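Note that subunit A is present in both complexes that follow, paired respectively with subunit B and with subunit C.
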Partner chain A sequence: MALPAAKQGALEGRLATLSLPEAGAWGTEARRDALGRLEAMGLPGRRDEYWRFTDPGLLNAAEPAAAAAFENDEAPLFSAVDRLKLVFVDGVFAPEKSDDIALEGLEIERLSESMSRDIHWVREVYGVLEAGAHSPVPRPHAALNTAFASDGICIRATGRVSKPVSLVYLHEDAGSDAILHHVIRVEPGAEMTLLENGPAAARFNKCLEVDVADTGRFNHVRAQGRDHERVAVTHVFAQLGAESTFKSFTMTVNGVMTRNEAVIDLTGPDATAHIAGACLGDGAKAAFHHDDTVFVRHRAENCESRQVFKKVLRNGATGVFQGKILVDQGAQKTDGYQISQSLLLDGDSQFLAKPELEIYADDVKCSHGSTSGAIDETGLFYLRSRGIPEGEATDLMVIAFLAEAIDEIEDRVLAEDVIERLKGWLARRRRS
Partner chain B sequence: MLEIRNLHVKLEEEDKQILKGVDLTIEPGTVHAIMGPNGSGKSTLSYVLSGRDGYEVTEGSASLEEQDLLSMEPEERAAAGLFLAFQYPVEIPGVGNMTFLRTAVNAQRVARGQDEMSAADFLKLVREKAKDLKIDADMLKRPVNVGFSGGEKKRNEILQMAMLEPKMCILDETDSGLDVDAMKLVSDGVNALRDAGRSFLVITHYQRLLDHIRPDIVHIMANGRIIRTGGPDLALEVETNGYGDLLAEVG
Partner chain C sequence: MTALDTDIREGVDRETVETVQAMGGKYKYGWETEIEMDYAPKGVNEDIVRLISAKNNEPEWMTDWRLQAFRRWQQMEEPSWAMVDYPAIDYQEQYYYAKPKSMLEKPKSLDEVDPKLLATYEKLGIPLKEQMILAGVEGAEDAPAEGRKVAVDAVFDSVSVGTTFQKELEKAGVIFCSISEAIQKHPELVKKYLGSVVPQSDNYFATLNSAVFSDGSFVYVPPGVRCPMELSTYFRINAENTGQFERTLIIADKGAYVSYLEGCTAPKRDTAQLHAAVVELVLLDDAEIKYSTVQNWYPGDEEGRGGIYNFVTKRADCRGDRSKVMWTQVETGSAITWKYPSCILRGDESQGEFYSIAIANNMQQADTGTKMIHLGKNTRSRIVSKGISAGKAQNTYRGLVSMHPKATNSRNYTQCDSLLIGDKCGAHTVPYIEVKNNSSRVEHEATTSKVDEDQLFYCRSRGMNEEAAVALVVNGFCKDVLQALPMEFAMEAQQLVAISLEGSVG
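Then we have the complex of A and B:
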């Protein structure tokens, strides 16, 4: 089927600056297939329902817009956490800045190594979860990622891992355009935590495919880089086996444009999936547009899913939430929860939400809610009447507003780290 | 301590005059009570003094130890020593009571040029004060006033007052909704704070609170004005006769 001219044009423009990396073995085929998917879908446009609230222009462009790296003297997030640190600079793995790739209970390789061997577990996951996630809506930038990813990490957790794997994305080159693709499998009974932080590049396209086998547990905490002008599109694809657990939290401050998509497939009974986001957006120094687009599909019985997304917006910042829970006919006893809320600190900012439920089973408990509101003036006055200055009082209420999302981080040390970061950001904004 | 002169206040949004010339002088170390029918402007007076939005002062002045209160931000008034125990304490979901207390205590110390209190000192102090008010560890951990009973909210107000050690304490119907035991706790808490440098303005409907917190001076407020001022006996008079006679006197 031929693509509409606009989509064809956008695709040609984007592909002009890309070439399929050498992959060897099965990788070449996986990349070619992904390119085929991309060519059939074309790139998204404003006319597409799924991109109604977010302009994909910056993602579709042949070249990234320049983005300066944000200089600051603060210790990066997770610095105090005992972790296995793997560093990428402008999207290229930097072994000399990283810890030795060795941790009990884990097999870790670079994507290029995994692709070069014909028999490999990664083959069953790389581009496979992505390929299965284009219905009912296509996700072209994920297919583009699978085709053109220049680096990535493949991790197989086989036991209980003692410390988190921490991916650190440094951004140095103001014109960098990075495409990373990570693949994770958590084997039965295994458990691991993945941390991600840093801006990564001027434009960052990242894909994370996570296959959690029966009874496996996967925890994910990420903080997206705070370079003001950076652009990012990210996808998380997760497939959950019976009695498995998946928990993912994302903190976002700054960035002219961020689109975070998540597709979570609960395929085995009694699985749990929680996905949460806390976002602070301020359009004063640069534009701020943040979009969370989530699709949770219950295919099996007795699973629980939670989506908790909170956004605090000011100075013309825009927040978007598109979230859907789909419950298949056989997925009885589903417990699905979705909440998306924004706190608008002024009249210039906006929150656009499209919450959806689609349920084909009759014995389920599903709820969703979306709200948008200003700060509670009575509460603010109460705090001020106790001597807390207005700015500090507002910050307290902002952190309180985000708390339900932050509470989704199981590890209290990581949660505190995130809270301190958010407080620091708020305090700096107050001073500037 | 507190000096209110000819205070006229209207609602900002509406053409409704609420306070119509209030005069009140409170000396250091004294306890004043204001009684009066519902809607006479007692809460409005307490809100205007503490700096709540929504009111417009059209005439008159209010000062705390010679500082012009009306030109200050609410937090500045608090740091200057003013405290209002709210008639309806506000629930703040997500902000822990303890965090709230510590932030408030330290903000006021910083505003007065003092060092912040160490976490250990603060904890010791708050535990001690909370114990007197029978406020348990759980109440300190919970979000501010969220899920608190009426009595718990009022005791929490007194805890804040005890921690902040203000000079001028206004209590707006702190007795409403309290049972006998809670009333005793609250008034003991207030009485413990009485000293020569601290003044109180106790707003109440009922004589019974004034049995516990004995006022030096009692005022009756009606229709936006103080219509009578007298000694503790005035409260007893109101208790037996109601406001009818007093209101009739002023016409």
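Then we have the complex of A and C:
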């Protein structure tokens, strides 16, 4: 079917500045297929139901808007963590800034290397999970990513990995437009942790495809960079085998536009997927718009999924949550849980939510909740009556509010690091 | 109803058997009245719109209003976002107007109405007599004189057959008549309010309704009047291949109160029939409207043949401060339900409530919910929705809660619970929540579960059969909503819950 004229126009505008990167045999094919998908879908528009709350204009534009890098004297997140660091500058892998990529239980390659060899495990994952995730709604920016990704890391975990792999995204060029695509496979019985942080670019389009085999475990903690003007669209596609575990947590502060999509497919029985997000949004210095769009599909019996999303918004910030749990007919004994909550610190901010359940199996336990409201005056009064100044008391309440999401991080060291970071952010806001 | 075809065991008295049959009998209202009808030609076009307008003897402004709507409708597309799946409707293969021949000359009083029509309503349990009735309660005909009165407007296919207690209502200043009559007798009110809540071109089905609506009820309750009795409209589709398009307009002036009940049934047929209604409620300062529906259109058979396609736009506009509207619905019938009774909470401190039970069995598909649009300060809304799916049915709750920036200190509480009976049905929840100020609180909760095994086991251990046990558990699940219904309806609804789930277990 031909695209409507407006969509066709938007697509042509976006594609004008892009060209398919050179790749090896299967890589070229995978990229062409993705381009075909993109051309069939077109770019999203304001009238698309899936973009009801978020204007995709900044993502669709041919060129990114300039974004200044955020400067401060604070050590970046995860600095104190023993990790294998891989650095990207404006979306390009920087080996000289990175650690040596040898680590027991891991195979790490750049995407271009993986694509250049015909027989490669990456071939079974790259663009494959993405291609399977366009129903019931298309995700054109993910297809665009698969087609045009300029770099990326492919990681295969074959055993229990001793330390986390940490992807650090530095942003130097105010006009950079980065497209990264990472592919991960966690083999049976293997376990790994992936950390991501940094603003990456003025505009950042990132895809992460994760294939967790039976009994594999994958942990993911990420922090999205603090640049005020940055724009980001990210996709996590995960496929979970039997008795596997997937846990992902995202912290977001600042950013004029962030759309984080996650598509989690529970394909084997007894799998577990937890996905969480904590977001601090302030629209004072630049606009703040943050959108979490999650789609969890239960295809097998006895799986558990959990979504916990918390947003604290002020000064005209906008928080969006679209979350869906789909339970297939055969997925009996499913336990699905979803909570999305916002704390609005002033009258200008807004919270827009669409928590959905679509259930075709009868022996399930599924629930979702969504709330929005102001800070609890009684709690605030109590703290102040104990001599805590209003600003600090508010911050304490904010951290307490976000705690349920942060608790989803299994590793306490990482969780504490995230909390310290949020406290620092709040303290800076209080001073300014 | 069909004769008893099962062997009656000794020692079981006939009455018990009949009661059980009546409770468990598939669709109770599937019979049809043989009556001569006057049809407009099949299909819809400007001439048909003019014809309907002429049949109702309408003034020119009304005809123009309809034509305007029709022209807009032709440019619109049928919506496809709802989670319902049905073959394309051929809008030219329907009759848009069907009127019993005996109604050609409008009867001056109920005594002149064709006895066949009166018998139809009698059989439906809605006697069109001015007597004390408690609909649905046996023996209520003999109720003492101080019993509750219910005034009934009976709509048969495209026309209103008659309205009871009009005189008595008039004494209180309440106008209760068919909308066609209101257009004649109270054009100033109709002109002022018709389309003011649901605009002519609001959505595809409402626009079609604006063009071709044939009848419906009109209520006006003057300032400070508490309507002395409950008002009710009973809709009956009888003619084949005929769409019913009714339009209801209820205005509660300052400080007025009215409780309005609505019931609907249709005969069993193999072909689907279209029903597209619009209901507009207007509430001025301190007014209150209770609107209760028991929707029991023919749901189609086990294979999904036939049934009513029910596309309804219902909306209440709480224009006045401190006004209050309460929608209660029990949706058990229809092959397709597409219905979202909404509240626009414009007045400060206005309140909207929505209580719903939606039951979908066999091949039924229901996509229903509500919209609560908070515009005024200190407005409050409450949503309690209970969805039950059985057989191969799909049941969706779809709703919107919107807090506008100026709707400060407002509250919403939403609870959506779904119950699944059987592993081939689906239950879905699609709420939209938009909060644009921070002094308002919005809470949404939804759960999906199956019928509790422990509860079933308990009932069975007390000697109940499985079907009765499920009906009891389901009635318990629906309790919050059943309690919100007026007494007469609550009784009927409770039975309906059991009947609608007939054949869903085992």
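The definition used in the following text is that the second predicted complex is superposed on the first by the 432 of 432 C-alpha atoms of A that agree within 3 Å, B and C clash if a C-alpha of one lies under 4 Å from a C-alpha of the other, contacts with A are read in each partner's own complex, and residues count from 1 in each chain.
The criterion applied here is as follows: a contact is a pair of C-beta atoms (placed from the backbone, for glycine too) under 8 Å apart; a residue touches a chain by one contact, two chains touch by 3 or more.
Predicted model, so just to flag it, every value in this text is computed and none were measured.
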| item | value |
| --- | --- |
| Three-chain arrangement built on subunit A, subunit B and subunit C clash or fit | fit |
| Subunit B versus subunit C as contact partner of A:397, first or second or both or neither | first |
| Partner chain(s) touched by A:365 [first = subunit B, second = subunit C, both, neither] | second |
| Touching partner for A:373 - first (subunit B), second (subunit C), both, neither | second |
| Greater subunit A contact set [subunit C / subunit B] | C |
| Touched partner set for A:384, first subunit B, second subunit C, both or neither | first |
| Contacts of A:354 with subunit B and subunit C, given as first, second, both or neither | second |
| Three-chain overlay, vertex subunit A: subunit B-subunit C angle, C-alpha, nearest 10 degrees | 80 |
| Three-chain overlay, closest Cα atoms of subunit B and subunit C, distance in Å | 14 |
| Residues of subunit A that lie at the interface with subunit B and also at the interface with subunit C | none |
| Residues of subunit C defined as touching subunit A within the complex | 81, 403, 405, 408, 418, 420-450 |
| Touching residues on subunit A, where the partner in the complex is subunit C | 49, 329, 332, 342, 344-374 |
| In the complex, subunit A residues that touch subunit B | 376-379, 381-390, 392-393, 396-397, 399-401, 403-404 |
| Residue numbers on subunit B that touch subunit A, as the complex places them | 50-53, 73-75, 77-79, 83-84, 86, 89-95, 99-100, 103-104, 107-108, 111, 143-144, 160, 164 |
